[in-house]
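Two complexes come next, and they have one chain in common, subunit A, joined by subunit B in the first and subunit C in the second.
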Partner chain A sequence: MANTMLEVKELSTKYITRFREDVYAVDRVSLAVKEGRSLGIAGESGCGKSTLALSLMGYYFPPLHYTSGEIIINGKNISGMKPDDVRKSILGREIAYIPQAAMNALNPTRKIIHFIEDVIMEHEVYATKKDIYERAKKLFETLGLPAEVLQKYPVELSGGMKQRTVIAISVLLLPKVLIADEPSSALDVTSQKMVIKMLRHLMEAGMISSMIFITHELPLLYNVVDDIMVMYAGQIVETGASREMVFDPIHPYSKGLMGSIIVPEQGLRDVKLTAIPGVPPNLKKPPAGCRFAERCRFVRPECLVTNVSLRQAGDGRAYRCILPEAELREAYAREEHKK
Partner chain B sequence: MTTLTQPLLSARGVTKVFGFGRQKNTAVDNVDLDLYEGEVISIVGESGSGKTTISKILLGLLTETSGEIYFQGAKRDIRSHAKKQEYWKNIQAIFQDPFSSYNIFNKIDSVLLDCINMRGGRSLPREKKVEMMSEACSFVNLKFEELTNKYPFELSGGQMQRLMIARIFLLKPKILLADEPTSMIDACSRATILDELMHLRREIGMTIIFITHDIGLAYYVSDKVYIMEKGKFVESGSADSVILHPKEPYTRRLLNDVPKIYEEWDLTTV
Partner chain C sequence: MKGYLRYFLNKLGWFAITFVFAFLLNFILPRLMPGDPVAAIVARFAQGMSNSTGVQAIYEQYVELFGTNKPMWEQFVIYLQNVAKGDFGFSFSQYPRTVADVLKASLWWTIALQFPAIIVGWLIGNTLGALAAYLKGGFDKVLMPLSIFVSNFPPFGMAVIFMVVFGVNLKWFPTSGGYGFDLIPSFSWQFIQSVIIHYQMPFWSIVIIAIGGQAIGMRSMAIYELNADYVKYSRFMGIKDSKIVGYVFRNAMLPQITGLALSIGTMVGGALVAEIVFSYPGLGTTLLRAVLGQDYPLISASTLIITVMVLFANFIIEILYGFIDPRIKAVQAD
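Coming up: the complex of A and B.
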């Protein structure tokens, strides 16, 4: 059995806004990522993907607050650890995070090598500049990035090159788990592919043990990760192996999400995509029952009042719906038939 | 939907050069294009290929270095301010960077109100205006009530793009130029929005130019596709012919780089 690199049990976290309102952005999320595996997190804008990423690293700086649950990273239970201690001993080494839009956050007046010096010196006070340069050069070359990049300013690099540089910097301290938050969504298809190739290489070469990949681009997820978790309004609505999740979703929301994929393949034109009308609920006052009920085409009165928990469907598959799997599948088959 | 009459908008030999001397950069290079009424076309190409530049020229926001633009059969003349305003009644745009397109001192309600006013709705009763604005927001999965009294910078990137698109449902322009209109919108909302936009297109016979590097989107929405490489159109034709039977290696590469679901995605080519 492979080791579990990251385990999260019933984690709940919230934002407390300037106006002292609570935003329940992550609600009782459990997940486990084994050594050598990668997990994708999908879901529409605002469903809590980035918040979950920060939360499971123990990165609780205001306005984000921990409510309950456990986090175990590579055997270390970090629940309740001070965020400053997390920053010193966990981030970068055990777990590294590439934030959304990281490539645009690089300070434009500093050369790439200077960022690298900062990152290393924060953890290794005695490292010399020469050592750091050698290490960086070696890493960049392994990852197929020209060493000249080290002497450049961020503005001198194309978007794709900048993003790959950011990824390279994030693995400098040899973290076990890498979390990449929408690393390629702003790039054109070719640059995007280079980023994906690099991430896959990191996994295959064993430079990182596990990866969490966050995006709303499902075709991308499908090509990168082993398992997919779909979130809706702060909760997991379905989780399972990539293939089954894409070709055989159970939950009505995942079904809709998979039905909205656009790929340039024959027969797609003139097909109506399965869009999901409506908007997600307000996370300041999440509904008492199923959070998706308001937009669900199979909604029943009890959905609005019953707090639905995740149901196991075998092989690590789970979904959050009061309707049994068989009934949902029958409904999908009927819809298919009508078309 | 292509009619064989004269094109609505044409470009002939349009070129745009930025800078000079060693800095000289030909962003758009001798481009020809014909856009017929009711047609939906896409311009597809990688980052820096000149898509935004050609679209700004078509809009009249940038002046071409050489070449001509024809609008409704006559050479386009937008040299005076009044003529520009007149031209913009026909052509409207959704810009790539939504943050740059709003006046940050204007609340969101006024962004939408302006659209109603521009279409001669200034004297409509307040309730009617609110109804129109709410409807436009609903087409793009936004709740109007949640937007009122907010400033554009209080929205997320995806919400801003939706707001830009909501404007189109109020403005109902003859020609819509949409530069990466859904890049920050998740796949699920994107499907809803595209369907609504296509619905509006059929309803009012809108002509649309989509600018994108998302070939799937181009294939889904357009009648005709233009592939742009380093400022030139290297291949163009019906969506089916260009996307399903590409001739140029560049087009094939772009297609090959799109993550696939039904077939193997070849990662060895980059």
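Coming up: the complex of A and C.
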């Protein structure tokens, strides 16, 4: 049985805005990623994917605040740790993060190598600049990045190169868990492919032990990750193995979201892109019942008042709906038939 | 580097052209003022003389001396030749003193007043602005409105307030001059003390205004930088906050350096008003007297100094800035 690299139990976090309003962007999220596995997180813009990514780091600064729950990374429960201990012993070493806007993730006035020195020296007191340079050079070469990049300022690099540089820096200390927040959006197709290839290579070469890949582009997920989790309004609405999630979603929201997937190899090119009507709820005042109720075509009166929890559905799948799996599947079949 | 050389030469060319035009204007504009400055000098020297042919003779002598009877272009050629030799001629209004002599005396007063004032204002202003961005809360809420208020104050207004409050009402400081009227410049303790006391009001009236402007600029730059993505990423790579604050302030500071260099360049022209209000013996007061006395050579030379300083400061900024800030260098290379 492979070790669990990341385990999250009922994690909730919120933003406190300048106007002292709370935004409940991550609500009782639980997940687990085993060694050698990758998890994809999908959902519409604003559903809390990035916030979840930030929350998983266990290191909070305003406006984001921890509310409750536990994060266990490689067997270490970091939820009770002092922030400075998390910073020194967890960040970069156990868990690392590639931000959504990796283009702007580097200090524009600091050479890449100097930032790398800062990062390593923060964690390894005895590291010398010469050793750091050698290490960085070797890592960059392994990842197919020219070593000259080290001597450059971020502004001198192209977007794709900046992105890959950030990825390389994130794995400098060989973290157990790597969280990549939309690492390939905003890039052209060639650069996207390079980034995905690089992330895969990191897993295969054992430089990272597990990965969380966040995106709203579902086709990307299908080809890259083992498991998929769908988020809606700060909650998980469905989770399961990648293949079943894509071809056989249970939750009406996943169904709608996956309905728009295009998997070229499977000849599904002509599946209609179905946008889900309506807008997500305001996370300052999340609905008392099912958060998706307002937009759900199977909504019932009790959906609006009952707090729905995740239900297990076999094969490690779970979904958040009061309707039984069989009933939902029947409804989908009827819809299919009508077309 | 080749691209950079081309950029450098291009800039140099533009500054040369600007200088030529400024030089021409500095010469022509004062001489277009109505009135006859020579007559004023003669009137001063010929006081009490009743012999009108005698006065006329003196007048012609001076016209000859100053060359004001020659056509403008010829005057310009002579001026050009003299300036090239570093000779700016006689001052009309303070004849027989030469322009160089008058300027030498006043320029140092101006530099000694403004240079420290600009540096002090810049340092205090940037520190306060950075602190306001970092500490937020009450400090920010008090500092910002104050800075906005102060920085929008016209310089003469600030000078007048200082004069009225600290000079006239509280009588803490003398209201005019660079040193006591009864003293002769020397290295005596008494003289130095007098200089220091006279220095305070013009100095602080400039500093206070500079603080306000710098603090506002630095605060918004620092707030912007504090929210930049690299701050978040650096934090998540385990970099400690004190180091990140270092990144942020360096980045916020770089554009402020332009501001510093510019105010040093424009200092002679910039805050002359404070000098005039306090009758400080610097370039401001000299220029005012030159204008009132239609002293062409002195006006031209003063404005030429100001022009050269502004151009030089701008040039230095443009050239050096690319080296200091890689963000600019990247743009320049394009």
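Quick note on the criterion: the second predicted complex is superposed on the first by the 328 of 339 C-alpha atoms of A that agree within 3 Å, B and C clash if a C-alpha of one lies under 4 Å from a C-alpha of the other, contacts with A are read in each partner's own complex, and residues count from 1 in each chain.
By our rule, contacts are C-beta pairs under 8 Å (C-beta built on N, C-alpha and C of every residue); 3 or more make two chains touch, one makes a residue touch a chain.
It should be emphasised that the depicted structure is a prediction, and the values quoted were computed from it without experimental measurement.
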item: First (subunit B), second (subunit C), both or neither touched by A:236; value: neither
item: Partner chain in contact with A:218 - subunit B first, subunit C second, else both or neither; value: first
item: Partner chain in contact with A:257 - subunit B first, subunit C second, else both or neither; value: first
item: Touching partner for A:143 - first (subunit B), second (subunit C), both, neither; value: neither
item: Comparing the two partners subunit B and subunit C, which touches a greater set of residues in subunit A; value: B
item: Touching partner for A:187 - first (subunit B), second (subunit C), both, neither; value: first
item: First, second, both or neither for A:56, with subunit B first and subunit C second; value: neither
item: Parts of subunit A lying in touch with subunit B, wherever the complex brings them together; value: 43-46, 158-160, 185-194, 196-197, 200, 216-220, 222-223, 246, 256-257, 259-266, 268-269, 272-279
item: Subunit A residues touching subunit C - in the complex, by the definition given at the top; value: 54, 57, 59, 61, 87-88, 90-93, 96-97, 99, 101-102, 104-110, 115, 118-119, 122-123, 153, 155-156, 166, 169-170
item: Touching residues on subunit B, where the partner in the complex is subunit A; value: 46-48, 141-143, 156, 158-159, 183-192, 194-195, 213-220, 239-240, 243-244, 253-255, 257-263, 265, 267, 269-270
item: Touching residues (chain side subunit C, partner subunit A) in the complex; value: 228-230, 232-240, 243, 247, 250-251, 254, 325-327, 329-330
